[in-house]
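Shared chain: subunit A. Partners: subunit B in the first complex, subunit C in the second.
Here is the complex of A and B:
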């Protein structure tokens, strides 16, 4: 009886610590809520149902790309070609759908091709980084140029509309509920399943200590390669959302998203060194980036200061997250 | 009792009337710029803000709200969605992609918002383009070069970003002109991504490979760099090359008597678009509907050209301005009014 009490007391004092340990994205979640409230204060319509649906519609692609990035960051790697994969998949599916006539069958075939292209890009990255053991940051920078080149080969200049059925579905409603909300639910289930697979755990243990993972008998090379493959697949999903929201092909559409995806991962509490983090955090991180951009405008920042204020705000969010995390782990 | 009621009614009516009048001449216009890498864009926004303020003399209050930051395509889609939330009357956008905004522009139009793209054309049928014809831009430079070289010689071209729509149009424009001059041989083309340093490097390589070239087609943003290489190689008086509209280049051009000609893509395009937008918001109709261009939604503005004949005038306009300031031109309110019924 008494021993139970003694054991419970320090546990209660460490409630925050345990919460952050169990949910590393908690600081990010707090920042997200604060940002939502601030956005609502300065522009009530931005947090209305339509406003929030618009937010998700716009940033679902970045959320997916941040998830893609998370899986390689888990293992202590990085993918600087993620945005280029988005561009390549975007032009590939648009070209395929257009060539196949633009019907429902063409859309589905196009999506299938897109997943294959994403997977192939991921495997190429995996081979270069894990099998050939080149530095991830430089190797994926090189493949990003390669993938962009391929995208420009497939479609030299932006154009070619997406089949109407495709983008109307993405932007539309089913049973009066916006399609993107279904997508979010499916995504949540998918992430839950993935989090329970052996792969997620193995990626984390490789990131935590590659040597130890190798010595304990884990196939490190294969695991890192699988991480990149998964990254490619999620980048393809991100490209589907971009295509749904932009309804066209653009060989340069994803390029600038790469660093945003890395930023989202870090904002979400995942360690760039690997071995620690959550995909949920990355999803929240993507929303934080989006909401900061909107807030900077809604508070009325003069145009010449917007870039600066946005950068400072992201830095502050990063620092706040780290401070909360540190206090918790003390 | 009756009297008070009548008086109250009168007051309400008067209030309603003033409210209506105020609403009719109060416009909120959102400006979106998705890239802040050059002073040209800053000048573009400043000129648009000044143009909005100028409407005050006409009794029209134009409030501009600006979103200008380095964003990816989703980030700029968010700009548009933010403007919709803000309830603006019109959006003027310098778009990061020609095709990516179709769905969100449709959404803006549904919300009753006028959308005008400037500087780069957009494919959306729900938007209008007010700016220069990038194809004519490319053609004008080539026309000048062909004339300067008397229709014969070896030339090289330094292009911007491969796959960027403005670049592709400009290249198509000069190729069309060069096709009419078979004695001008385009010996090589390279991309220097609208970057001065890359333009300089590219020109250096080209001069080393083709020491006997007579002309260079280079777009603004890289031309000053290319010219630096030409001058370093001591070939200033042997080569004719297109130039820039920035004050520092125009000064150099004047001082060293360069054999140059510059097509003007004026930063005033956004101000021109704003003046057109206000007139449209007032319910006026264009004399000629905007149906030009590949997307059939464009209204092309005149493209000024600077060469030795009017260099002094251009220099005069830029006198006292900082070096990064660009030669500009815009549709004044009166110019714009002349385009409407």
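Here is the complex of A and C:
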């Protein structure tokens, strides 16, 4: 009698529904394509190879920070200090590279220090939120002030330049291929690997139902802490990119990026409540935010209106994503 | 020496004594039934044994040695697997991932192949009874309640623990699923496993159990051999000497007068999971929906209520067309819907009891401002009618036992009288006393002129209360049982016959 029921059910819209179930970032992808087309219409050069490489170079940092944010959001947490970590790592590596002489060795040592600083910040967040059980949204807001304070202590005023070797590499080419494309490929592989780890699955399970995860015997506190640690590491990578892009130290450089990273995660179809989402979506979300920014510029919006138009455009993108998702789940 | 023993364990939550003195001894190779009314402390005792609740006092012994259970993981390592009454599933994960969540195969990476083959072993145990769209890769959220319950069962079985605890595992299952599950339990028992089993269904307890421990008001009152006791004695132990329980009194449904006014007229209703369903319900009538699980009964009720609006067909409520476009619309027209799946449809998680009893009242009366004291006055009679056990209106609903949560959800609809009451397997997880109370109440409401549609997965509830029974098969009504035709035999036959 069970098979009869299947036959009785309408098959309409099933393909789209299944596609969105499997690839929750599909609505975001559609929006991305639309934005690319619009950008191409207003400024054909923006969708050329060079234009797109430039886009990635500018927004790789936001992509990485959105990825960082995704891992904590997986578990139902949030990190409002992500941007502050970027700032802190930025000034830390510039100061370290500067102090070590600015050569290749200094750059590599600086990057290592940057990763450690990012990891340490992530662990601090994890301890505050998971171990001490403070509200994630308020606790990481507090640590963001703390991290910003540290960054201002390390470098009170913006402006110390990055070593030439560093930003030349980031903005340059190897074998005639832009460096950022290598970075994107390495990143893609890294994300694929991470998606297959137990940690990713466990983070999602914790976010799905924390009580259920605890009752299933998962070490919930440790898992959430690991999520924050991973977030710290990716925030450090984001800081490397922004340092490569701006070529200088600025203790407030990441501040604005925090909420952009949250917006990118949501645009990408990840549930802020946790338990559901993809890092791919967040990457797409970051690109959407970037493309909206450039579109507003290419259309020729007067500068005093740019913020307003950009805000409305992000709202529209959010709504479009929800509409597509809802149509699919019918 | 008992394999597992709990000695005088207790647990207090604030002002609530959840468990005063729990004693339990489980031998190897037995099915040990735990029984007690709603809120008597069964789940609390199980959670203590399984490590997810820390006891205030008392000790736990494993094969005679004191054991320290620091958490669910530690309990698993010792050898205790558990089925949680409220389920412990991650809704967005797949069936396979959920089954093996506690013990994912692989090192740093998830070994997908091992995950699926291993999970498949447990899925195969329930071959042919899992129902549609149930497979290793199915997302748990998309499953029916009975299927989710099966996943939780598989998850408990996958622990391969020598001690398995099942806290009301059968409340959403259909007969075929229960039969299969019992076969599995008997095999496990013959393997020498110890099984703790909780259910409110007497027939199950006597079919399966070796011994029974009765808990009343948080205290273990007796342990008996099943062979040496009977239902009457168990019920007496459960309710204590002072109260008498009129267990499932045989009710002779009254034929509704042919002149009774039709309240709800459903014509050729179709939607997701059912097609071309037509029926009328008169004032004062209790119409039963029967048949195997998931044959469209719930779907029809949810469609009428507007939770998943129907695709075609007409519905007349008091001779006026009813657009089942949203619950808000149908509630305002006088419909009520009580679902047994309280996690999905009923409980507003994390909110106080008062907020959980009053939302429908607020909607119907268009309350924009209200004082808690006036709301409490409104809520009290409804809660008392169901003998709901709770410490205070401001406690979160999650602090109640499963059965008492369900009573809160039911009470929500009783503050303002609806014209039509849609009951979607409403007694899931509530004890015998409460069931009796609920059906007495339902019959009283019907006698006062309410039209009632009742779907129940327990045939006895349908036969004992419905004036007429529509048997569903494959999404449509295949048979109508009226008058003297309403026999267990006919119902069983109609449910199983090919559509």
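General remarks:
Going forward, the second predicted complex is superposed on the first by the 316 of 330 C-alpha atoms of A that agree within 3 Å, B and C clash if a C-alpha of one lies under 4 Å from a C-alpha of the other, contacts with A are read in each partner's own complex, and residues count from 1 in each chain.
Here is the rule we go by: a residue touches a chain if its C-beta (ideal position, glycine included) is under 8 Å from a C-beta of that chain, and two chains touch if they have at least 3 such contacts.
If you're wondering where the values come from, they're calculated on a predicted model, not measured in any experiment.
With both structures placed on the common chain, the touch criterion links A:215 to subunit C but leaves subunit B unconnected.
Of the two partner chains placed by the overlay, only subunit B lies in contact with A:293; subunit C stays clear of it. After overlaying the two complexes on the shared chain, residue contacts for A:226 are found with neither subunit B nor subunit C. In the superposed model, A:197 makes contact with subunit C only, not with subunit B.
Of the two partner chains placed by the overlay, only subunit C lies in contact with A:205; subunit B stays clear of it.
When the two complexes are overlaid on their common chain A, residue A:125 makes contact with neither subunit B nor subunit C.
When the two complexes are overlaid, the chain among subunit B and subunit C that reaches more residues of subunit A is B.
With the contact threshold set out at the top, not one residue of subunit A is in contact with subunit B in one structure and with subunit C in the other.
Considering their complex, residues 31, 33, 36, 42, 45, 65-75, 77-79, 81-82, 84-87, 97-104, 107, 123, 161-165, 168 of subunit B touch subunit A.
Subunit A contributes residues 1-6, 8-10, 21, 196-199, 201-202, 204-205, 208-209, 211-219, 275-276 to its touches with subunit C in the complex. Those residues of subunit A that touch subunit B in the complex are listed here as 43, 45-46, 51, 54-55, 58-59, 61-62, 83, 152, 156-161, 167, 171, 242, 245-257, 260, 290, 293-294, 296-298, 300, 302-304, 306-307, 310. Per the touch definition, subunit C reaches subunit A in the complex via residues 50, 52, 71-73, 75-76, 82, 84, 87-93, 97, 101-104, 106, 108-110, 112, 131-133, 139, 155, 272-275, 292, 294-296, 311, 473-475, 498-499.
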